[in-house]
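Both complexes shown next keep subunit A, but they swap its partner, so subunit B is in the first and subunit C is in the second.
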Partner chain A sequence: MLRCVNLSLSYRIPGPFWRKSTRVFAVNDVSITLPPRQTLALVGESGSGKSTTGRLLLGLETPDAGYVMLNGTRLPKPGTRRWQKLRKRLQLVYQSPLAALDARMKISDAVREPLAIHNIGTPQERALKVGAALEAVGLTLEQSSRYPHELSGGQVQRAVLARAMVTEPEVMVCDEPMSALDVSVQAQVMNTLLEMQKRMRMAILFISHDLRLVRQIAHEVAVMYLGRIVEQGPTELVLHRPLHPYTRALVSAVPVIGARGQQRIVLAGDPPDPSRPPNGCPFHPRCSLAVDRCRVDRPALRTSAEGQSVACHVAEIGAEASR
Partner chain B sequence: MEDHVQPLLSIDNLHVDFGGVEAVRDLSLTLERGQTLGVVGESGSGKSASWLAALGLIGTQASCYGSVRLHGMEILNADKRVLTQVRGRRIAIVFQDPTSALNPLRSIGWQIKEALRLHRGLSGRPLQQETERLLTRVGIADAARRKNALPHEMSGGQNQRVMIAMALAGEPEILVADEPTTALDSTIQAQILDLLRDIQRETGMALVLISHDLAVVSEVCDQVAVMYAGQIIESAPTAQLFAKPLHPYTKGLLAAQPTLDGPARPMRPIRGTTPRPDEMPSGCSFAPRCDLMITPCRRPQTLRHVAPSRSVACVRVEMEG
Partner chain C sequence: MANRSLRFHVGAQIGIAWIILMLGLTALGLTMSADYVLNIDLAHRLQPPLMFGGNSVNILGTDELGRDMAARLIKSIEVSAGIAFCATLLGLFIGTAAGFVAAEARGVLDQLVQGLIDFQASVPFLIIALTLLAFFGNSIVLFVCLMSLHGWERHARVARSMAMEANALGYASAVRQLGANTMRVYALHILPNIAGPLIVSATLAFPEIVLLESGLSFLGLGVQPPLTSLGAMVGFGRDYIDVAPWMVLLPSAAILLTTLSINLVGDWLQDWLAPRRR
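For the complex of A and B:
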């Protein structure tokens, strides 16, 4: 089980010489738990900090505050020998499949490489594992003897999944894994991912801006805004009975087939500049429900009896969960 | 007089060929005044290439055959003089990535003024006023001040609004929007789609919305053309297409689509992949992926009318009526 507690990461942006540099929080006080076999989706607009959260969870970035625990032990510093040992249990799949593979390496070699890096198995065992991984993602022997550019986008993304699963990771972070793929192929890759999870008890952090895909795979959804989680809960609740005004706007913005001229909640303005976050609730400048309190006082996450958390002064959550 | 029966734009048997590789094959369609047409297809389906070719924007490596007529006037492979009169003025286009389509060194106001001077010959006070009116119309608040901003000082969504304002500057009869919201966040996508829909209603111009997302076109367009491997394989009024898709590819696409509404159901993929343009099957281009394939599918399929405003390129549909 992977868990992170109060993670924060900020960058210093140097200003002109007469001004002090500013601090920009990419991730601010984020706590997440990823139990085995579960998928948590992180959603939000670009710049909300969802990718950075994923990188922090894998130890690819070092947090300013907070920590990451894998099965009860703290994740060691990145680059250290202990961290490298753990890396095979944590894998990352990202958006552009072609960029994830070495263009001069055949697919089967690319899938075998992690086994060599982590010193797993004898050559015979490695060949078996590679074969099993390729079969699981539905690539033929002939396809796996080709180079990445000789395959279609969907096939390459499935090869990337095979490479990520060959070390049998406990946690897989998928950062917009479907956005480079066409709809008819998305479904193939998505089903592959679901199949892999079932087989390997793997936990998935699924980072995506596409709520339609999120609904297909996630057990829980966390909505990020300006580096913070503003709502989190079971998928069907968050997507069909959203509590936070921002989540409502996100859900309402999803295009729906056959819903011509439907009324939607259109958010005024653009996502705010993270280097100048608003006072109070970070969402209040775009919120139609904002009251005076929202401008001065940042709401903390409150959790409903059904396990849906929301950081909003105005949202009605019914009976609050007892802590 | 003839103008009344002529469609606004008619494309007949358009072929686009990149050195022997056909990106668009035998594409025919008509666009009426005030019509909103959605063109959907996956990457490589020819949805953008066909419209870029029609407007003479596809570059010199491509050869284009067939006919594209605006009010009966041939514009395919037309003289640069003719195209300059048409592009921007009568047919405007908005691209996917606004930030790279704008000049980074000129203010947004300057760029809109350039279009207004060129297409409508405005100058002086009317030029200023129209620039500010257009910026306000596309939803940029405080236009008098913001018109001096450079593209990098604006967000992606605002730059797409500027692109739309520039497209509107020539008061076009047709606006072609090629994946106008793909590079934008979903909340901004919703804003831009609403804006396009409102402006289309207000001005009565025809709108061609090219997108990979069926749901996006369904929210804006009256008619949808589905493209696959360089061909239109089905065209229908929006409501009919989604209520009763006819072509197996359209059906497959709808089944593969994840949805937010309705009961959760697994996404059903279409097996195989889109054929590469240089390995196109000789018969129906979808046949190798189609569960309904029969012998006649080995012959090329062309689009046939099956009902008013409905046509489909599938021999099974024709046989079964």
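For the complex of A and C:
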């Protein structure tokens, strides 16, 4: 089980020498628990800190504050021997697969590499595992003997997925894994992920902004805004009865075939500059429900009886009204 | 794709033909006895080449001591090319290693390597060479080491910047995130990926080193007699330029053709090794 508590990561942006450098919080006070066989989806706009949260959870970055525990032990510092050994249990599926593969290495060699790095199995066993992983993502033998640039975007993405699953990790972070795939392949890859999850008790952190995919795969959803989690809970609850105004806007933006006259909540303006976050609730400048309190007091996460958490002062009133 | 092929690159074909001819001659030179190269025959000194009215024993004429020009030319090509080849390889190794160390260590070590690179690039190499030769005397090993210092900074820059790029985002960081150790990342991933630019950088350095060796030998600081090199031949022929111009012209032509050939091949390699990504 992977658990992180009050994770924060900020970057210093150096200004001109006469001004103090500014701090930008990419991730702010995020706590997430990833039990085995569970999928948690992390949704939010670009720049909301989803990817950084994923990297922190895998221990690829060191948080400024907070910590990450894997089965009760804290993750070691990046680059150390222990950290290297741990890599086979924590895997990342990359957002830009072509950049993540060595252009001078054949697909099958790239997929075999984690096994070679961690000294898993004999050459024959490795070949079997590689074959199984490639088959699971639907790549043929002929395709796997090619170089990355000779394959299509979707095929490369599946190769990266095969490389991540070949060591049978306990936790897999999928960073927008489907954005390069067409719908038929999405379904195939999705099924592969779900099957792997069942077979190997794998926990998945699924980073996406496609709520339809999230609905299919995730047991739980966390919504991020400006580096913070603003709403979290079981997928059904969060997507069907969103409490936070931001989540409502996200959910209303999903087009549904045949649903005419669906009320779409259009968010005003862009997300604020993360180096100068607004006072109070970070969402209040774009929120239609904002009251005076929202401008001065930042809401903490409150959890309902059904296990749905929300960071909003006015949320429950709105939710009760719609019930 | 097709225009990268060697078939369409006439310059590279000529270059390769000349290099093969040279390698053949060098192989011939290795079987030649030292006597023949050093054989002094004062009765037949300063004979012109065959086509300028010389005899058929010394096809390319003789020098001021009656030694056969053809034999000495072959020996010189062997020595000059040998020094340049060893020095280029050594320089490539030093430069790549320094670049990788800088890219991996960052911080103080990186600053140090960059300082050395800037020093090398900003001080005229001839001055460095003269100083070192004056202090340590001359030997063929020292001379090769010295020549290898020429061009290492370019290789180091290429290796450093490309390794940093790969480390920042991309295949190298991805492999690290799979748990690979530093050796594996550099030897199995970064090196094969940047081999192209490094080879091109080396083909740039090789003719420069031939010229540098020739220059130093011409000045009398490089290869010492009785050993000979192309530059040394030009240097000793200088005194006889009005009575026996072939003594200067023949080794000069060999230098020109060799450096030109390598440059032509380098041009083609640069196109041919360019990354084929979408």
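As a working rule, the second predicted complex is superposed on the first by the 311 of 323 C-alpha atoms of A that agree within 3 Å, B and C clash if a C-alpha of one lies under 4 Å from a C-alpha of the other, contacts with A are read in each partner's own complex, and residues count from 1 in each chain.
In this text, contacts are C-beta pairs under 8 Å (C-beta built on N, C-alpha and C of every residue); 3 or more make two chains touch, one makes a residue touch a chain.
From a predicted model like this one, the values you see are computed outputs, not experimental measurements.
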item	value
Touched partner set for A:L267, first subunit B, second subunit C, both or neither	first
Partner chain(s) touched by A:H149 [first = subunit B, second = subunit C, both, neither]	second
Which of subunit B and subunit C A:H209 touches, first, second, both or neither	first
Partner touching more residues of subunit A, whether subunit B or subunit C	B
First, second, both or neither for A:Y94, with subunit B first and subunit C second	second
First, second, both or neither for A:I117, with subunit B first and subunit C second	second
First (subunit B), second (subunit C), both or neither touched by A:P277	neither
Partner chain in contact with A:N191 - subunit B first, subunit C second, else both or neither	first
Touching both subunit B and subunit C, residues of subunit A	none
Subunit B contact footprint on subunit A (complex, rising order)	45-46, 152-155, 182-188, 190-191, 209-213, 215-216, 236, 239, 249-262, 264, 266-267, 270-271
Subunit A contact footprint on subunit B (complex, rising order)	42-43, 155, 157-158, 185-191, 193-194, 197, 212-216, 218-220, 238-239, 242-243, 252-254, 256-261, 264, 266-271, 273-274
Complex contact set, residues of subunit A against subunit C	58, 60, 84-88, 91-92, 94, 98-105, 113-114, 117-118, 149, 163
Residues of subunit C that touch subunit A when the two form their complex	169-171, 174-175, 177-181, 184, 189, 192-193, 275-278
